[in-house]
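One chain, chain A, links the two complexes that follow: it is found with chain B in the first and with chain C in the second.
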Partner chain A sequence: MSRFHRIVTHGILIIVCILMLTPIYWVLKTSVTGDNLFVYPPSIIPDDPNLFFYVEAWYTVDFVRLFFNSFAIATLVVIANLFLNAMAGYALTKQFPAKGLVLTFLLMSMMIPFHATIIPAYLLTADLGLLNSKLGIALPTLSHIVCILLFKSNFEAVPNSLIQAARIDGLSEWRILTRIMMPLSKPAVATNIILSFIWSWNDFLWPLIVVRSQEQQTLPLGLVSFLASFEDTTGSLYAFCVLVVVPSMLVFLLAQKDFIRGLTSGATKG
Partner chain B sequence: MALLFRKKRSRELVFIWALLLPALAVYLFYRVIPLVWNVVLSFSFWSPGKPAKFAGLYHYEEMLFYDDAFWVALKNTAVFMLGTPIAIVLAMALALLVDQNIRGRSLYRTLIFLPYPMMIVAVGIVWRWLYNDSVGLINYVLRSLGIIDQPIPFLESYDFAMASVMVAAIWQIVGFFMIIILTGLQNIPAHLYEAAVIDGARAHHRFWRITLPLLRPSIFLCVILGVIASFTSFDLIYTMTGGGPGLATELLITYIYKSSFTLSKFDYAAAVTVVMFLLFLALALIANRLAGGDAGKVDIAD
Partner chain C sequence: MATVEFRKLVKRYGTHQVVHGIDLAINDGEFLVLVGPSGCGKSTSLRMLAGLEDISGGEILIGDKVVNEVEPRNRDIAMVFQDYALYPHMSVYENMAFSLHYRDTPKQEIRTRVMEAAEILGLQDLLDRRPKQLSGGQRQRVAMGRAIVRKPQVFLFDEPLSNLDAKLRGSMRLEIKKLHRKLGVTTVYVTHDQIEAMTLADRVVVMNSGNIDQVGTPEDVYHSPQTIFVAGFIGSPTMNLLPAKRNGSATIVVGEKSDFHVQLPAKSASNTDAFVFGIRPEDIAIASGDPEDGRVHVDGVVDVVEALGPDTLVFADVGGHQVTARVRPDVKPDIGQPVRLSLDVSRAHFFESESGKVVS
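Let's look at the complex of A and B:
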C-alpha cells in the first residue's frame, strides 16, 4: 500500500470517528459542566468539570430504585436465558420424533417480531395478573431463539467420544449438560449472557406498556419521565443519560468479541 | 431385553421434552398465541371489559378507506426504510477501509461500533438536544460555518423532522452493518483475489466481480435488519419527536401504540398490526430470495 493511500485511509477514518464520537463527547462534557444553555459560543474543552449534576440526578430521581429494578429484571432474564436456551439447545442435538417440527416451530417464531404481538401480549399478561410486576416485564424475553441455535451448534462441536465416556462412567444426562457441555461451550455461554443482558437493559416499549406505578419503573422509563418533568436543558438529564448507558457499554467493551460474534452469527433479532 | 431398551428410550424422550418445554412455552405464549389472538382481535369489535362481537372486515375497511393517518404512517415507514440502503453503502465503504492492513484498525472498528449497544432511549434524548434550535450543537456548527444564518428547528419542521430522525438511526446502526459486512469480507477466500491479480484484473474489477457478489448474503442480512428496524423503531421516535410535528414522523409501530394504549382502540390497532406483520413478512421473504435463500448465513470467523 502506498504512503499516500495510507494517509488518505487514516484521514477518512479519523474524520468518521470524530463524527461518531461527537454526540458521545458532547453528552459527557455537558454532564460535567452543564453549560450548554448558558455559555455561547459553547466551549469545546470543559472548564471546571465537576460531578454536581451526577449528584443532582442521583437525588432528583430515585436512581437506586430504578437501577435495582433494571438490574433485577436483567439478572432474572440472563439466568433464565442461560438455562432455557442451553437446555433446549442440548435437546436439539439429540434425535427424537418431531425434531423437525420443533425446529420449524422455532424458525417460524423467529420470524415474528415481538412488536407485532404487543396488544395480545399485553392482554395475556393482564390475564395472568402480571401487569406491573418484574416477572411480567421479564416473561417475553426469558428465551432468545438466536441463543438456542448458538448453543446447539456449540454442543454439536463437542466430541461424541467424550459424551460416551461420561455415560459409561455413569453420569446422568443432566450432569452431562451442566458438567461437560456447558463448561466446554464458554463462547456460547458468554454470548448468551451479554446479549440477553443488553437487550433486557435497553428494552423500552414492553416495560412502557406493562409498568403502571413508579415503584416498578426501570431505567429507560425513569429517563423518559425525567425528560417529561425537567425539559431537556439541564446538565443532570445528561448525567442521567451517561449513568444509564455506562453499564451496557461496559459489558460491551469487556466482551466485545463475543458480543459481535453473537450478533453476526445470530442474524435476526425478533 | 427389548422391553428394557424401550423403557430406557421412553425415559430419554421424556427427558428431551422436559428440556425443550420451558423454552417452547415462552414462544408459544409470547409469539404464536399472541399472533393468532391478534388476527382474531382484528376481526372483532372489542374493548376492555366488554364481550367481543364479530366485526368482519370492518376495521380493515376503516383503515384502508377512511383513515388518512394510517396511510401517512405507512408512507413514513417506507421513507424510514430508505435509510437502510444509505447505511449499507456507508457501512460497506467503512468495512473496506478497516479491512486493510493499517495500524489501529481494531480501534477504528470499536469506535465506529460504539453507538450500537447504547440504550436507544438515551440516544434519542441526546440527538433531540443536538438538533435543538437554540442550544443544539448542530445548529451552532452550521451557523459558525456560515451554512445557515437562521437556526433551524429540525425536529419541529415538517421538512426536516423525518430526515433528522433517520440520521440518528443511521448513526447508531452503521457500525453494526460495518461489522456484518466485515465478517463477510473476511470469509472471502484470499486465493480468489490472488488469481484475479495474476489474471491482471484491476482493483475496481475485483470489487465488482468478486467482492460484491460474494458479499450478497451479508448485504441482504443488513437489508432484513433494516426492514425490521423500520417496523420496530419505536424508542427513537417516541423520545425524539413523539410522531410529530403533526404526523410527520409517525411510523406504523408508534401509530399502533397510540391507537391501542393511548386511545384504547385495541381491535383497530390489531388490524394495523396484522398489516404491518404481513408487510414485514413479504419484505423479509423478498430479501431472502434475492440473497439466494441464505440471507443471514454469515459464518463465524474467529
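Let's look at the complex of A and C:
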C-alpha cells in the first residue's frame, strides 16, 4: 500500500472513529456537567466538571439493589449459557439420527422474533411459578441458538484425534467437554460470555412483563422509574446511563481479543 | 503385557465393508506392524482394537478378555497418533500426567512415572514447555512419553512417523525399536511405509483391500511373498513382475516379445496356464559372457539410470515391460543403448495370474 493510500485509509478510519465516539463523549461530558444538549454554540470541553449527578443518580433510585438484581441475573444467564450452549454445541458435532432436522429446527427458531413468543413464554413462566423472580427473568435467555452454533463451529475445529486421545486417557464425555473442548475454544467461551451478559444486562421488555415488584427490578427498568421521577434529569440521566453501561463495557474489554477471534473463527478454519 | 487376537473381525460403514473378517493372533510382547496401502483397513483395524470404532462383526480379545463392548479407557491400551494429539493448552508434564490423574494415581506416583518416562525419552528439560514450543521430533517423543507413563498392556501406534522428515524418521524409528526392547510391551504399529515395517517389526501383516495377504517375519514377506500384491508392495524398488504362460509341463515362457524360458518350481502342483514371473532388482545383473547355471540372459534397452550412491538402479525396457536391476555403483550403462540383463532365476518367484497366489 502506498503512502498516499495509507494516509487516506487512516484519515477515513479516524473520521469514522470520531463519529462513533462522539455520542459516547457527549454522554460522558453531560454526565459531569449537566449541560443541555441543544445549546448553541455547543461546548466541546466540559466546564466545571463534577460528580454531583452521579451522586444524585445513585441516591434517587436504589441503584445498589438494581445493580445487584441485574448482576445476579446476568451471572446466572452467563453461567447457564456457557454450559447449556457448550453441551448443545458439542452434541451437534456428533453424528446422530435426524441431526440435520435438529439443525434446521434450530435455525428456523432463530428466525422467530422474541416478541412473537412473549405470550407463550409468559404463560410458561407463570405455570412454573417463576413470575417476579430472578430465575423467571433469566429463563428465556438461559441459552441462545447463535451461541450454540458458535460453540459447534469452534468444537469442529478441534482435531478429532485430541478427543480420541482423551477418550483413551480415561475421560468421560463431560470431562472431554470441560477439560479439552472448552479450554481449546476460548474465543467461543469469550463470545458467549460477552453476548449473553450484554443481552441480559440490557434486556428491558421481558423483565418489564414478568417483574411485579420494585425488589426484582433490573437496571433498565430502574432507568424508566428514574425518568418518571424528575422533570429535568439531563445530568443525572446521563450519569445513570454511564453507570448502567460501564459493567458491560468492562466485560467486553476484558474478553475483547478472544471475542473478535470467536466471531471471525469461521472465516479461517473449517 | 498381553496377547491380542482378532477373530473374524469385520468393519462395515453402512453397506460398504472395509475389513473382511480377518483373523490375527499377536503374541505377548511382540512388535507387530500392519502395513498396506491407503484404504486397506489397517488403521480401521487398529482403531477397532483401541475402541475408537465400533466392531461390525467378530471379536477382539486383549489377554483372555473379549473387549468388543469395553470402553477405550478400560482396555488398558495407550495410543500414539499420527498428529501426536498433544493437548495444546497443557505443558509437556501435564500432557504426560493427564491420564494418570483420571486413574486415581497418587500424585507422588504420577511424578515418579513422568520423570522416569522423561528420562527414557530425554524430555527432562522440556517438561514446562507447551507443545507448540516443541519440534516435530520432540512432540513425537512426548506422545510416546504419554503412552509410556500409563504402563499399558498394549501400545498402539497409528502412523506415528509420517509427519516427520526423512532424517528424523530414521532416528525416531531407532528410538521406538529401543523403547520396545526396553519395555517389552505388546505393540501394534500401523504404517504405509514398508521400510518402517521391515525395520521395526517382529512380524509384518500385509493388508490389502480389507484382507490379510500375508503374516510373517520381515524376511518372510520379503523373500517369500505369498501373493502378487505382497511381492509388489514390499521392497523398494518393487519386484519386477512379468506375465508368463505355460510352455510344457514344467516350463513357462516369460514375456511376450523378448521371451525366455524358465523352469517352474519342481514341486509345483499348479494347473493354471497363466503366470506372473517375479524377480527382485538385486537378482538381476548386467550380463557379461555366457549365462551361468541358474541364470537367464535377456536383452533390453536402457530407459533410465539412477545412481543412488551405494548402488545403481537400471530401468530397462524388455519386450515392452519395464525391468529394474540393482547393480554395482560403478556400472553405468548408457541411456537408450541395448543392454543384456542376467536374471538369477533360482531366486525368482512364480504366481498364478488368476488367483494372485504363489505357485507352491
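By our rule, the second predicted complex is superposed on the first by the 216 of 270 C-alpha atoms of A that agree within 3 Å, B and C clash if a C-alpha of one lies under 4 Å from a C-alpha of the other, contacts with A are read in each partner's own complex, and residues count from 1 in each chain.
Note that a residue touches a chain if its C-beta (ideal position, glycine included) is under 8 Å from a C-beta of that chain, and two chains touch if they have at least 3 such contacts.
All values derive from a computational prediction rather than experimental measurement.
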Inset, instruction - Scan A:140 for contacts with chain B and chain C and give back first, second, both or neither. - result: first
Inset, instruction - Have a look at where A:90 lands relative to chain B and chain C in the superposition and call it first, second, both or neither. - result: first
Inset, instruction - Applying the touch criterion given at the start, work out whether A:131 contacts chain B, chain C, both or neither, answering first, second, both or neither. - result: neither
Legend entry - Dominant toucher of chain A (residue count), chain B or chain C: B
Inset, instruction - Could you say whether A:164 touches chain B, chain C, both of them, or neither, answering first, second, both or neither? - result: second
Inset, instruction - Considering only the touch criterion stated at the top, classify A:190 as touching first (chain B), second (chain C), both, or neither. - result: neither
Inset, instruction - Pick one for A:255: touches chain B only (first), chain C only (second), both, or neither. - result: neither
Inset, instruction - Classify the contacts of A:180 with the two partner chains as first (chain B alone), second (chain C alone), both, or neither. - result: second
Inset, instruction - Please write out, lowest number first, the residues of chain A touched by both chain B and chain C across the two complexes. - result: none
Inset, instruction - Can you check the complex and tell me which residues of chain A touch chain C? - result: 159, 161-162, 164-171, 175, 180, 183-184
Inset, instruction - Would you mind writing out the residues of chain B in touch with chain A in their complex? - result: 12-13, 15-17, 19-20, 22-24, 26-27, 29-35, 37-38, 41, 94, 97-98, 100-102, 104, 108, 110-115, 117-122, 125-130, 132, 135, 137, 140, 144, 171, 175-176, 179-180, 183, 221, 224-225, 228, 231-232, 234-235, 238-239, 253, 256-257, 260-261, 266, 269-270, 273, 276-277, 280-281, 284, 295-296, 298-300, 302
Inset, instruction - Provide the residue numbers of chain A that touch chain B in the complex, in ascending order. - result: 1, 6, 9-10, 12-13, 16-17, 20-24, 26-27, 36-37, 41-42, 83-85, 87-88, 90-92, 94, 96-97, 102, 105-106, 109, 111-124, 139-140, 142-143, 145, 148, 173-174, 177, 198, 201-202, 204-205, 208-209, 219-220, 223-224, 227, 232-233, 237-238, 241, 244-245, 248-249, 251-253, 256, 259-261, 263-265, 267-270
Legend entry - List of chain C residues in touch with chain A within their complex: 50-52, 71-73, 77-79, 81-83, 85, 87-89, 98-99, 102-103
